[in-house]
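Shared between the two complexes below is chain A, which pairs with chain B and chain C, respectively.
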Partner chain A sequence: MFHELNDMRKQRELCQNRKASVLGALLASAAMLLPLANLVYADAAPEKGMVGIKYLNYHDSQTGDTPLTAGMSRDRIDVNALSFMGMVPIDGKWTIAGTFIEDSVTGASPAYHGWGFPAETASGASGDLRHAGDLNVTRYFSRGTLTLGTSYSEESDYKSLGCSLNGTLSTESKNTTLSLGTALNSDTIDLDRDTVVGGKRNPDPGRKTVFSGLLGVTRVVAQNDIMQMTMTMTHGYGYYSDPYKDPDIRPGHRNMFTFMTRWNHHFEGPNGTARLSYRYYSDSFGIKGHTFDAEYVQPLSNDWQITPLVRYYSQSAADFYVPTGSDPLVMTPTTGMAHYSEDQRLSAFGALSFGIKISKEFGDEWLADVKYEHSQQCYDWGINGKGDPGIPTFNMRAIQIGVSRKF
Partner chain B sequence: MGGACEILLDGLGKKEAKKLSALGIKEVGRIERKYSRYRKESIVSKINAAAGVDWTECDQETAGLLEYTEMLYQSSGGLFDVTSGVLRRAWDFDKAAVPDPEELFPLLPLVGWNRVERRENAVRLPDEGMQLDFGGIGKEYAADAAAEVLCDHGARHGYVNLAGDIKVIGPRPDGEAWVIGIRDPRNPAGLIASIPVGAGAIATSGDYERFFESCGRRYCHIINPVTGFPVTFWRSVTVLAPLATTAGSCTTIAMLMGQDGLNYLKETGFKYLAVDQSGRTYYHH
Partner chain C sequence: MKSIRGCMKPWLLFFMLTCAFSGCASVQPWEKQNLAKPEMTFEGDRLDTGYTEHIYSSKEASSGGSGVGGGGCGCN
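Moving on, here comes the complex of A and B:
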């Protein structure tokens, strides 16, 4: 008798569960049928404000793993950065958002191809405290947004100020959004310092002005697919050389062009989202770069979320890059050249990065995340341009921890 | 349910049809008892009574309904707001008088779905005096749910009609569609269209359902939660959609959006028939 009652109860529960899920599905499909229920909100100002704090620990090193670079293994730069960010919505139509970063850099990058580190850890280019911040004001309209931004960055030998204006405009159906933006940056480099190489020392600072313009289109191509294309053109003129490197005279202007395309696809089954992107870069230094990015965001139970990511980057060398010869420790002659540099960042290489980000929401208000990324860059990993075998392999890892709260 | 309701079943014996329709009526009754704000024991009355005070536990079905209202709010840019029923305290259609601003405006701060607090299995209205009202969804949802029950029990031909919002179970036994007449919004006896519906649902919102006229103006029962005043652009909007819930929501959102409602209707991709204040008709079929 007891069993029978139990069975009946179970049967009823099953029945009720089935009913609840049928009705639930009914309402969910009723919602799905409404036009772009998820997207119409795109231009609405956020209802809640946010404050957050992030800590970043970055470390890089080089490995001399070829006969040419043997003995060049060493640690290079360590960065510890703390950033604070906040966003306040005002009156349902405006937001003010700001970030403040303080980071300290220790260690140094090589003065020549892969060697020539200052004896002390603090050189002109490092052992530094940097402060940076930005402030953005956004106005939300029914079919678009307008953002005015300013930024600054300051360290002992370098100061940068910037302002920007960005706008978005959506079609009536909200499934296509056009982005337009422009920015101006003005940088000042102190050249009147002991650590600046002899020939470049100057009581007048080096100055650089950079303009850029951006044009982008984002389109919802299907219920679960969003595509974006963005083009950025940048023109800069002024002091581009590195004051701490000796055989290093660069052109006085630099034009850059990037074309970025992204595709986000949402998978209904696992409820995850794949984000794929490709970026083409080209500049008047002669560098051409290709970046392939892929990440996958998977929400898990109890508000956990895991995002693995992988990135591949390849670039060709600048026209005026001076490769190492048969002995990388011997300086390559630059006689007769108007522009020249041994900076390995201007050489051809390929880089592969892996990372993972784990985040958890606590209620509706708190969010914590931790991200780890490791990257390795090698002279012969590129797909465009022949690398320089005299450049040691470069390794980087970064750990970032963040906490934010909505209010 | 405020209007004539019928369940029509075809292709069954009389006895079976009676038995089945009783199940459909039971389902409609269940939803009315659960979600009517006029019934003291309803979950809606409980949530409203606890406004400004406490959380009210809600079951899966109610949570689903609340999630749906969130989608409505988003889809309509905040115009379809289930907390706007409180404005009826000022708009008394029996009194047939335009309310004084002193009466109406203090109610506007009580409207705001975005402020309603929700947890997985509970809901709370933040301010005393706030109200939930599923009047704009409940009837259509009941039609869908009743049709679902009937379908589950073997009904294949017929429809559920709750005061003009119709969910079709299936076509006539000969495969022909049901022909649904759309009322002329200015002539209660006349029709402006007869629409064949073999599957899915059809719903109509109109300024003629509940209204009064004052100083030559018509004030209908669909109230814009932002202005606190009844909508005026459309006389009636009819939508055909796979579900009555969706069809009904689309007609109400179009009424609320006024002129922009036409773009909204186009975006839905559904068939529609809309009549504006000058009597001009717009349709997509």
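Moving on, here comes the complex of A and C:
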């Protein structure tokens, strides 16, 4: 939604330029100036293009910090990634925007619960190198936008292709915007590899098709408050099992529902902004999740800006999740079960994250930023569902460094 | 019938909340200077958001919520 940002920037510039002396005149002659105001709020394409580059360094590990999980501590996955983005306005009515990412993965993830690591090789669950990109073309109208998008993601054993169509429609006052969207993804999983679990190896690839729909409303609540509610519904069918985890046989379809609400509030005194969000998640695997995000953006002198953030997440277990037994190093028998998985990501747990982002503008064109984020998952931190005490605590940290330029 | 009622609940909640907030006071264009700040929009740093959503969706069962579209991944 580049158009929203652009409209807002235009409005800010307009308002800042006129804030002090002209505001009184504006108020006094509101009726006369309304046509101008409406013009400013038109859904116009951005006037400036933008390019950006960002580096990510990611590391995760698990810690056996209970008597049951003692001895299960180890490093797991490292990722180094580089991503690029570009956005070009065309003729005042169009934009073309795209991103491209390349990431390399090293390390290993467990085959069941918190154990069963492959011997000193890259994890079978992820390719060593992944390339992904998307391209979006947006047409701007007087009170709305229409965006056609396409995406792809490719790694050594997985390929995903997608397309999407998203639209927005605003009221004349621009205080309410309705969003509608739909997307289709087609994924192919290579099952003819040595690292695939024996019983799942197949010369024919696994396939998965996913349809998504979105309905959202963005509403200006007050001069310093704006909120958004978004619902998405997703229906997927095909190959949902993990070819590298054993035991792991999942249902052949998955319906997902999310309800997300976001609220931004600006504080006049410190000139800071609080950004709050909550997401409810539910799917046909039987998983329910709650995600709370909060961050506070505080501008500082000399065009510096600091943003501390905190996130809490909780999920219940999938209906077919098989918990650890008395020895978490040994897989649990699944005899007689139609669907089963010992993937710890399908167990119940809670997670707490915190981080900080610091950015600095250089003139009107350049922006540099660095971000640090740490997260920890623990089986007994959840609020919806009893966790599995045989799963070791999971830790991750991510560092991002980026630069962008407008032109 | 039970499943139909179950499907209707989220839509009903959405509709009710939308109606509730539609009654908010109308803000005039010249009152929107703070709303115009980049940090007040719901679009953030695209590359930052891309990395962060990918990290969490590969380590948790929940994903999505803010939009539709984008490539899938073998990590989840």
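Quick note on the criterion: the second predicted complex is superposed on the first by the 362 of 407 C-alpha atoms of A that agree within 3 Å, B and C clash if a C-alpha of one lies under 4 Å from a C-alpha of the other, contacts with A are read in each partner's own complex, and residues count from 1 in each chain.
Here is the rule we go by: a residue touches a chain if its C-beta (ideal position, glycine included) is under 8 Å from a C-beta of that chain, and two chains touch if they have at least 3 such contacts.
These numbers were taken from a predicted model, which means no experiment stands behind them.
Asks: Identify the partner contact of A:338: answer first if only chain B is touched, second if only chain C is, both if each is, neither if none is.
Replies: Touch partners of A:338: none, neither chain B nor chain C.
Asks: Looking at chain A, does chain B or chain C touch a larger number of its residues?
Replies: With both complexes superposed on chain A, more residues of chain A are touched by C.
Asks: Is A:54 touching anything from chain B or chain C once the two structures are fitted on A? First, second, both or neither.
Replies: Touch partner of A:54: chain C, not chain B.
Asks: After superposition on the shared chain, which partner residues are touched by A:85: those of chain B (first), chain C (second), both, or neither?
Replies: second
Asks: Should A:182 be classified as contacting the first partner (chain B), the second (chain C), both, or neither?
Replies: second
Asks: Shared contact residues on chain A, chain B side and chain C side combined as an intersection?
Replies: 23, 26-27, 30, 33-34, 37-38, 40-41, 173
Asks: Which residues, counting only chain A, touch chain C once they are in their complex?
Replies: 1-2, 4-5, 7-13, 15-16, 19, 23, 26-27, 30, 33-34, 37-38, 40-41, 52-54, 56, 58, 60, 81, 83-85, 99, 101, 125-127, 130, 132-134, 149, 151-153, 155, 157-158, 160-164, 166, 173-176, 181-183, 185, 187, 189, 208, 210, 212-215, 217-224, 226-232, 234, 256-262, 264, 266, 268, 273, 275, 279, 281, 283, 285, 287, 289, 291, 297, 313, 315, 318, 345-346, 351, 357, 369, 371, 373, 375, 377, 394, 396, 398, 400, 402
Asks: Provide the residue numbers of chain B that touch chain A in the complex, in ascending order.
Replies: Against chain A, chain B makes touches at 59-61, 64-65, 67-68, 71-72, 74-75, 77, 114, 141, 144-145, 148, 241-243, 245-246, 249-250, 263-264, 267-269.
Asks: Where on chain A does chain B make contact in their complex?
Replies: For chain A paired with chain B, touching residues are 20-24, 26-31, 33-38, 40-41, 44, 47, 142, 172-173.
Asks: Along chain C, where are the residues that touch chain A in the complex?
Replies: Counting only chain C, the residues touching chain A are 10-11, 13-14, 17-18, 21-22, 24-43, 45-48, 50-52, 55-56, 59-76.
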